[in-house]
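One structure is given below, encoded as structure tokens.
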């Protein structure tokens, strides 16, 4: 095995890690604020990706406004989902599985709508720094991938500040940890939950505009991303944004190394087995501060 | 009530078109596989996304044993259930020590692993090509080669499996299970070996799942890896939740939903996956206890009304 | 007795109401014998949508024109297209519906090997002629005498790739394939490679729908091959290959040549060779007419699967003209002869009921995102 | 160790995240007695309790029960050895009826296998009937009569404590560990509780009692005082009460 190959696989692993992490980030944000495991996080990104494509490739807008449009679209979808899907479910006393399935239904819907209205092609999008490659020794990485990594770190930091500093951030936490108490001290709990979904949607949107130039936009990308993001988020302990990215990185790198050192056919077998072993070894979650198994 | 349902089931194939009977056969098959997931979720609070693995094991066992080895379908079916049970035991012992989202993720991981292995071990499974010409089930020379014929077998098996599960539900183990779901700590203190109990229920659901898989293989007479992917596991979970995890009988309605809804909707053109998704969302929103739970409430209400009527 | 009847009916009305749509909604046009129904089970949604939707547009076009030309001896044909959502179980149910409710004379489809397998078991037992838009499936299908395949068996696709490889005298080949279609083709490449003096120095696979395969691609590159086979039903591996600086020529397979994927490759769609059958940009003489008609109808260029759909309907109608719409075995029998289609020249009299020969293959090359037809022809007969 | 010691907690130490909660705690629970454990909040009572019942394993020291070390055996196994406990917040099965709760209490009394349950063999049916009968008996003894089919979650805290206690006693434990059994009870409920404990004790159940409730503590023949992870006093209640260390610990004087 050449050094180039090793570096290349590492670069790929890290890039994918951040991709998974970005999706996991959104799942964590939403779980943290509403205790809902959102199965359509990847589809927030799908929508954002489509909007980005329409703006930058189809209408030929410059990259930055297109990005913002995509993020906005994500936030809007998040808002819609909370208002029309999640809130009614909660009102009618849905349990954890209900939320999972409602959002899963949303995911199916998004993907089906994409196929119907956006078509079956997978559309390439010029990313930040176009399609240019950056050479690392003899290996390569997309310039856009570097941007993706940098920006996702920025997002994590921003979220951390948001939850620790911003009043709304604290209010959201209060609302999710102890709704009744929060209501008593005058926090509008339903609104906080909606805000959480808007935030989660925005994070999904950011993920979408960052990821789709890397992997092209395709009506099937949503659930695939969600599965990986879900894995990342849970490994990193649901509700812990930092953990989600760390979990994603772990998954991405394990996958890459599995391909290099064992066999690409068994990549998933190896990474998933590793996953199970980790969970059994550290039943409280790798980044849990004590607390129940599964965070 | 129940009698009426049974009677209806009994006469449908005499009147309904072959297509409908075919769909009802699939409803039966999915009910059998779904009941395992439903019971795990509703009675033990375990979200299992790995049922596709056992469904696949059953199907491939039947396919391989009847085609490659040319053995009798019944032998194949038993072998399938045995393998399914064994694999489930080995997997469940470590994995069921997990709980909450970890457990859900672990079962999802198992589902992925299973699917990949079904693809990789194409010397058994035929990989993407699949295996054709699986032996059909026959009783004393009567080959179950039409939906009408297979229909009765399938639903009798549903009856048996549901009977077994309802036995389990109101038994010592059943009580222990519900106790475990409510308060694991207290259950342990009362001498219930939680982990062992979970493993047993999981293994049972695995064997039932592979039973369904075997029946599926000998009904369609063709198996391919496409039938045992993640989305199959998801659809089983869907059956459990839509049907109502708390009730056993609800599973049938859940199964009916996932088989009939897409088929009826697909008459409306390319928009049908979208409509199905929305149907799913609406069902979950408006029937949070699932179809089964909803019916149970209605029936209870009816009884109360009638009792009041009696008192008056 | 009467009471029993009554109760039974009441019970039925109760329980069947939900199924009513399923039971009785099925139109019974087949009875009023003017139009002849042809069934088609395609993957219009799900992962196989790229195939199914392409095939449908070919089918619809052929249906329209053939009816304008008088259909089958004056009787018009109706092609009833059903979507199996890329799932074999659903494909089976749809086939049941078409055969027993719609009383179709003949079956077209499915788009995917698995769905075809699920249907063919049924059509075989019903003696229902079936024109599959896939390559030959599991061995059992050779025993099905009413199942025709419009696409070549994967063995032939592999041969076509190797023929070109040999002509370019590439010896060390790297392979990047997905675990579905790619695996099928590679299994054949593996067995035949040595006959063509080709050795596979690196073989990397990835799951269908994978979104990044750059590590696999890097592994292929590290083996330093003379050319790379990329076989997958998506654009991802092609992008990955170029992004990790695999500069060698890429040779792919027919299944990867759909515009859906090529567009997805963006500017990486360059220096890729496909052994296929129809190059819309530069069709062979006997394909020209079809391409023009198609362009006029959809103002986009057709490719193999559109042509396959088109051929399927034509083959069906020919057979129906000869054998009439009722005698299934007769229809199947009528089909068992050579037919020069738009996509390829078939010989359904052949053992595999496909009978496509290497000479039917056309080699196309992507140059700067544009398809061009190569003069190269795989001359030797299979 | 002397014959009549049912359980000996022998030099137990436990610390969480470097913070030591119990330091070499030793105490005996004599056969057939009611042994009390008191101490100010954060003294480590619950931790010790969890170590005794098996929810925690000690860092050092041992728990000897009926002459055998059980410090590493599982909760379930201990339960089968006859150790029963209640919880500070009553852990009743909310979604089950009062009767069902009691039926689960009989779990240890019956032995029917999973398979026979699934197959619904007559043996397992008979067994369930028997369990129901025992449960019915308990309903009377713990005057929960009217509530057989009430959802346990709907009971008052007092009734829930009662139910938890009843459920715990059905399988006639040798050692009954009660964690703050009187918290959340009104005056006559706790009087009732006290009578019940004395009754159970007379019937031969050894009781290990943790409580803030000094009136309830009167039933204890020996009382151990735990303070900041150490036993600072042992003896009968009256002597302990006047112990200066104890006064200091409580009054912080």
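Odds and ends about this structure:
Per-chain residue numbering starts at 1, and chain names A, B, C and D are given in the order in which the chains are listed.
Everything below uses one rule, namely that contacts are C-beta pairs under 8 Å (C-beta built on N, C-alpha and C of every residue); 3 or more make two chains touch, one makes a residue touch a chain.
Quantities reported herein were computed from a predicted structural model and do not represent experimental measurements.
Under the contact definition stated at the top, the chains bordering both chain A and chain D are B. Taking the mean of each chain's C-alpha atoms as its centre, the chain lying closest to the overall protein C-alpha centroid is B.
When the C-beta pairs in contact are tallied for B-D and for A-B, the bigger tally goes to A-B. Ranked by separation of Cα centres from chain A, the top chain is D.
Separating the CA-averaged centres of chain B and chain D is a span of 42 Å. Here the CA centre of chain C is 71 Å from the CA centre of chain D. Between chain A and chain B, the centres computed from C-alpha atoms are 31 Å apart.
Averaged C-alpha coordinates put the centre of chain A at 36 Å from the centre of chain C. Touching of two or more other chains is recorded for residues 116, 270, 273 of chain B. The set of chain A residues touching two or more other chains comprises 112, 115, 265, 268. Interfaces, counted as pairs of touching chains, are A-B, A-C, B-C, B-D.
By the touch criterion given at the top, residues 8, 11-12, 14-16, 18-19, 21-23, 25-26, 44-46, 82-83, 85-90, 92-94, 96-97, 100-101, 112-114, 117-118, 120-121, 125, 137-141, 143, 179-181, 183-184, 187, 207 of chain C touch chain B in their complex. Chain B meets chain A in the complex at residues 41, 47, 94-95, 97-106, 108-110, 112-113, 116-117, 120, 230, 234, 237-238, 240-242, 245, 270-271, 273-274, 276-278, 280-281, 284-286, 288.
By the touch rule above, chain B contacts chain D in their complex via residues 163-165, 167-168, 170-176, 178-179, 181-183, 185-194, 197, 200, 204.
Residues 37, 85, 88-89, 92-95, 97-98, 100-102, 104-109, 111-113, 115-116, 227, 230-231, 234-235, 238, 265-266, 268-269, 272-273, 275-276, 279-280, 283, 285, 292-295 of chain A touch chain B in their complex. Listing the residues of chain D that touch chain B in their complex gives 53, 55, 74-76, 79-80, 84-85, 87, 91-96, 100-101, 103-105, 107-108, 110, 112, 114, 117-120, 124-125, 127-128, 131, 164, 167-168, 171.
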